[in-house]
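Read through the structures below before going on.
Look for chain A in each of the two complexes below; its partner is chain B in the first and chain C in the second.
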Partner chain A sequence: MSPLSRLFSPFVSAVAACRARWLATPAALLLFSAAVSAQEVTKRWGPTEPVSTYGHRFDSLFNLITLLISVSFFIVLILLLVPVIRDRAKPGKRASFDHGNSLHDKRFTAIVSVIVFIVLDALVLVIAMRDLREGFWNDPLPNDPEVVRVEVLGQQWSWNFRLAGTDGEFGTPDDIITINELTIPVDRPIDMNLTSKDVIHSFFLPDMRVKRDANPGAVNEMWFESMATGSFAILCAELCGFAHYQMHGEVHVLSEADYDAWEAEASRLALLGYDENDAEAQWAWAWQE
Partner chain B sequence: MSGDHIHPEPTSFLKKHVFSVDHKVIAKQFLWFGLFWLLIGGMMAMMIRWQLANPGAPFPVLGQLFFPSTGGVIDPAAYNTLFTMHGTIMIFLGLTPVLIGAFGNWCIPLMIGARDMIFPLLNMLSFWTVMLGGAIGFYSLLVPLGASEAGWTGYPTLSTTVGTQGSGETLWAIAVFFIGASSIMGGINYLTTIIRLRAPGMKWSDLPLTIWGIFFTAILNVLFLPVIGSAMILLVLDRMFGTNFYVPASIMSGATGGDPILYQHLFWIFGHPEVYILILPAWGIVSDLLSFFARKPAFAYRVTVGAMGAVTVLSAVVYGHHMFTTGLSAMLGESFMLLTMIISVPGEILFLNWLHTIWKGSLRMHPPMLFSLGLIFVFGLGGLTGIYLATISTDIYLHDTYFVVGHFHLTMAASALFGAFAGVYFWFPKMFGRMMNPLLGKIHFWASIVPITMVFCTMFVSGYAGMPRRYYDHTSAEYLRDIQWLNEFTTLWAFLLGAGQIVFAWNFIRSRWWGEKATSNPWEVGTLDWQMPTPVPHYNFKEIPTVHTGPHEFSNPRLGPDRDWISQTEEMPA
Partner chain C sequence: MTRQTLLSTCLLLSLAGLTQATAWPAYQDDDEHATAAVEHPPHTRAPGEIDVSITADDWVRAPGEDWFETMAEQFPDRFSYSEEAAEYTDEDGVGEGDFEGGWIDAKGEYVFRYDIEEDEFAYWQKISAKRLTSGRTLFVQYCASCHGFTGDGYGRSAQHLRPPPRSFHQSNFKFTHVIAGNLPSDDALTELILNGLDGTPMYPWALQDNQVRDIVQYIKTLSPPERGWRDVYAEIADVVDIGEDPFANDPAAGAERGAEVYHLRGCYNCHPGYLSPDEIAGIAGNPPRDDFTYPKIVPDSGYEVLGYAVSILPPDFTWHTIRRGKTASDIAHTVAAGIGGAGMPQWKGSISDEEIWAMGHYVRSLIDDYHGQPAKRAAFMATLRN
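Presenting the complex of A and B:
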């Protein structure tokens, strides 16, 4: 047998075995229902529509991986089921004797693994690197006036947010401090500094498809940009004690005009209510890029 | 060789069955010990699933016994204890003793033709150390402020006094330390025995693949259990003696601060190899069993060994993929992502070899074979879904959701468990001299693989929908209420899975004492363990056998038409 035909012989035999109707019909049904159910699952019980610029990148890569591994798993399943059905022990039947040590066999294994690695892993790797560099790791520039900066302080069991207010400086009396409710503008990069007061928390925005740990003792960074207005869930994703499951809040995404009005009003109220003796409220840190 | 000083068989009950240095007795001790804890850990899983499907409803029947102060309701603190101890127990006290303790001890001397382990006393010490660890873990469930609540990963600062009070967490760390010490003792013993005590004529390429799997696991045990041991010592020092290895200065005002991320590095340097510590023996067992029951040589033996070796080496350099959301630098993250993807190559090679082994075989569908084929199925599901989590850009969303829970249960729990079941069904006749009931075995198989697939594949759906793990009650978050029915669905299948294991427990107990008597080689295989009489005599081999052929010479045309297997002690007919 030539190396090439040898290479494909198991697949050819698998296809040949499928010619038997009793195997082909369930196989086709299985493939069809798997495809339909994957779509149905995503549509009906999958996550909500992605809202952030990054979210669309996540969804498209997720779907691509789903497609690739479904095909791979289907091939594995066929190669598993064919011998299980066809090669049962029968009286007088003898297994073929093959140690699989020939050069052809080694070549087959090597070629298939390289192909699988390229199609499955390398492809996903390249897309992931592109997505990360263009959509997640490219932190907003320090002096970009478009960027809204937020300091996030996790604690058992709530999220504290601090916006710089109209003066754009953290640690000043007009800082807007909120608990479990974060208000941000639409279509502008939101740059975050995250840390924690006590144990590790993880800031999770399912609709934005992003998550970052808030570690005590160090400041972590993350950015995202919402493409739609509305209210979306904030969750804690890292076990942080027995009320971990109740540590959630909401992010309110406002239109640019609404946000400007909200920010001016909130900053004004913050200035009015500022109390320099309130140590609990003085947790701002110097912004870290 | 130790052959010259064979001690007479001990006669007292204590020396023969309790403080025995005989590897066969120790193997059985590990087996009973592991099965006991699998039962406890499994019951905890049932309670977890009950709470998730019926938040706040009293646990039926047993609830009044375990949670009397709340009238049978699992409160949030008890819930955290349940999933913490479920993970710890299943990994350290359930699967490790069965896969490594029991099969390692049973298979190594018998399959390589040795009279015992090379260090029998260390072997006994290894068992009693894990026993001590188990006892401490059990005791921690009873202390006043409750057992560990910080997850099986025990991340500081939650696991320091900042997050958890009382002695439960400290006892948990000490228990893990002792269990780790036991694994190190076992590892040293296994490695030395395999290297030094192989029967004359037994080349490295004559070792059954089971032994290779255990060999690689032992290497990982010896290298990486010391890391978790030191992480636990630092944690105990932080909790009891006021040090700050893991507690940053911002929390302990005035003190010199440590770093909670240090623990995560230490934990996962151990933790990722731990996944392979559990799966390598299962891979080894299954690689052998597929060949034994397909009556075909293991396809590309050397390539399989090489792939397992490559996994062993690579397992040490991929741990960063557990920490993609901690703030790991982009460069480190991308490196770990690439390395993680590379580890899939030896995985693919193993799959190809397994599928090739059964191709055109003559498959005997006994329970060990069913569970081996089942491993290919569940590991395929678990392994392929690992790609989502190895990829940083998708992991950012999926990390710490039920997607991860589904993935690692299919790989390290379902697959390792299937390997363990395959091994139990396979070696039971040699261990206890009786056959397990094959019909009950088949029922057990179908009552395991269908629910296990349903349970963990549903978790992929709920994880994808954004359901975080370790939540006491998912209905507390509004957007999760719509998918609460997924939790109920998962729980239903989880209970069916639990019920399926009753069949196994019944089969095991019944066959142990009342099963059909086994012949010395019921599976007709050639490895050395099946060439000796049942029950295996004291000191195994009076005469150390000489090995002439490999372990997988099935259906060799040179054997003639009457038989399709040959003992490893026999020379291949010309």
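Presenting the complex of A and C:
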């Protein structure tokens, strides 16, 4: 027997075992209901459609991993069940223990591990690195006029946002400051600087498939670009205290024209509400590229 | 294929994968990014070691006669009126035998007491050490990050926050629906804590009844001597009474009436006006200020942060999120009670309850029609601005 056919012999016997009708019917039912409920579950509790330009990369990687581990899970399951059923004690035959110490067993194990490593880990790692490089790490250029910059200051238990306003400069009276609500334009790269006042938070936009920690004392960056208008969730993805569960908000993605009008008005209102003597209310920092 | 070739191909492939995978982009090593720190002003209230256990009972001011009357109806065995509830004592603590009539609590939680220095009678409430410990524990867990470990409104997460978290040392409240200048009753405070304040980090706190009760009792003891709940002259009031909603069956009619009252009563002096200048002149007798479609900042705030009185922009109802205005009733109560210290006057008493309710419906209709819809709002405001 060649090593390959030896490798697959358990599957053959598994199929053979399935010929027993008492096993085949429940197995088919089980598989069918699992497939149906998996679909139902994803629809109801699964992730929403990705909205950002690189969001689909996350989803395809996620699906690939799910597929790979599901397949290997079933292979392992079959490898386990077949001998248990085939070689169980029967009238006139006792089950026997075997530690599998032969050279053949060792080689078999080694080959399977290497294949599993390549198919699962290395493959996933390579794809993930490619996606990171082409997506998440591929930040917009510093002098790109299309970029909208946002300073995000996390705190127990809110997100403070600062947009530069019409003058494009941070730390000026027309900066638009909002709490738990972020307004941004569609189809333009949004570049973010994240930090925190108190403890570690994690800025999470599930629909944009992006998440990054906000750490006190340091500025982290992230970017994304929304492809759709609408309102999407903002969450904190790092347990940050007793009211962590309350720490959520909304990002409103407006069309380009709506955003320009919104920004002009918000900037104007910010200017009206600005109190130059209230130094303690200022928290902008120098933008980090 | 021999076993050896198969094995070595696998190994080579995985090595190739690893080298590919570990090729990090250059800026990951750029340590400027890793260490760039944000300058924050120093915290005046870093927590240090937090002690939550309180060993002594505490005394705070209790509400007046009216409250005892309603309580006596509910618990006739516990509360009774006595002609000799409080006794004068002179400086040496010797009773002078002169009595003042008041309510007596059989459980001894509430007492009617005479204050020698101020020459004033007042009801006081005893809060047990056990309850205070529970209240302080919950306060430290849920509230102290903003309101400060001592309740001074300057917790670690409070810096830069506008509006600032309330300082419980000032014992000034904005949105409890209690006439400005009075202290809110326990019920009014509880309502506020359960409702939260929209558009601020002051969330609706989903705590259990007994937890909120303990926090409320603890907050009262944060008043400094002779202020807030330790002031013999303090009046503790319940939510302002503006009767039944006359427009309950026809909110649209209320909103229409409210538009008139709103502009007649000059709300647009601070908040924006929402009618054309001619219409406003027709209602109010003279034309509005030039930039009447924008709010005007009111600097005379009674709310201090580190000694500085902050100013809060009066909200434009079609743009800003208002704090406690989920329903027309909420808004009507806020308008009636006023926002003490924030420049927003109390209207209960100066105008009729019907007018107050009408404005509640009007402001609510502005929010429903335009808030969160920038395009629709811009079109509406444009009709007023030219």
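Please note the rule applied: the second predicted complex is superposed on the first by the 228 of 289 C-alpha atoms of A that agree within 3 Å, B and C clash if a C-alpha of one lies under 4 Å from a C-alpha of the other, contacts with A are read in each partner's own complex, and residues count from 1 in each chain.
Please note the rule applied: a residue touches a chain if its C-beta (ideal position, glycine included) is under 8 Å from a C-beta of that chain, and two chains touch if they have at least 3 such contacts.
What you see is a predicted model; the values in this text were computed from it and never measured.
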item	value
First, second, both or neither for A:Leu235, with chain B first and chain C second	first
Comparing the two partners chain B and chain C, which touches a greater set of residues in chain A	B
Which of chain B and chain C A:Glu280 touches, first, second, both or neither	second
Which of chain B and chain C A:Thr166 touches, first, second, both or neither	neither
First, second, both or neither for A:Trp262, with chain B first and chain C second	second
Partner chain in contact with A:Met129 - chain B first, chain C second, else both or neither	both
Partner chain in contact with A:Trp157 - chain B first, chain C second, else both or neither	second
Which superposed partner A:Thr109 touches (first chain B, second chain C, both, neither)	first
Common ground on chain A, meaning residues reached by chain C in one complex and by chain B in the other	117, 121-122, 125, 128-129, 137, 156, 195, 197-198, 217-218, 221, 241-243, 246
Contact set on chain B toward chain A in their complex	75-77, 79-80, 149-151, 155-158, 162-163, 247-251, 257-261, 294-297, 299-303, 325-327, 330, 334, 337-338, 341-342, 344-345, 348-349, 351-353, 355-365, 373, 376-377, 380-381, 384-385, 387-388, 391-394, 396-397, 399-401, 461-462, 464-466, 468, 470-474, 476-479, 482-483, 486, 552, 554-557, 564
Residue ranges of chain C in contact with chain A within the complex	3, 6-7, 10-11, 13-14, 17-18, 20-21, 23, 25, 33-41, 141-142, 145-146, 156-157, 159-162, 199-201, 203, 205, 294-297, 299, 305-306, 308, 310-313, 316, 319-321, 372, 374-375, 378
Footprint of chain C on chain A - complex, ascending	3, 107, 110-111, 114-115, 117-118, 121-123, 125-126, 128-129, 133, 137, 153, 155-158, 160, 177, 179-181, 195, 197-198, 217-219, 221, 241-243, 246, 252, 254, 258, 261-262, 265, 268-269, 272-273, 275, 277-283, 285, 288
For the chain A and chain B complex, residues of the former touching the latter	10, 41-42, 45-48, 57-58, 61-62, 65, 68-69, 72-73, 76-77, 79-80, 82-84, 87-90, 93-101, 105-106, 108-109, 112-113, 116-117, 120-122, 124-125, 127-129, 131-132, 135-137, 156, 195, 197-200, 202, 204, 206, 209-213, 215-218, 220-221, 233, 235-246, 248
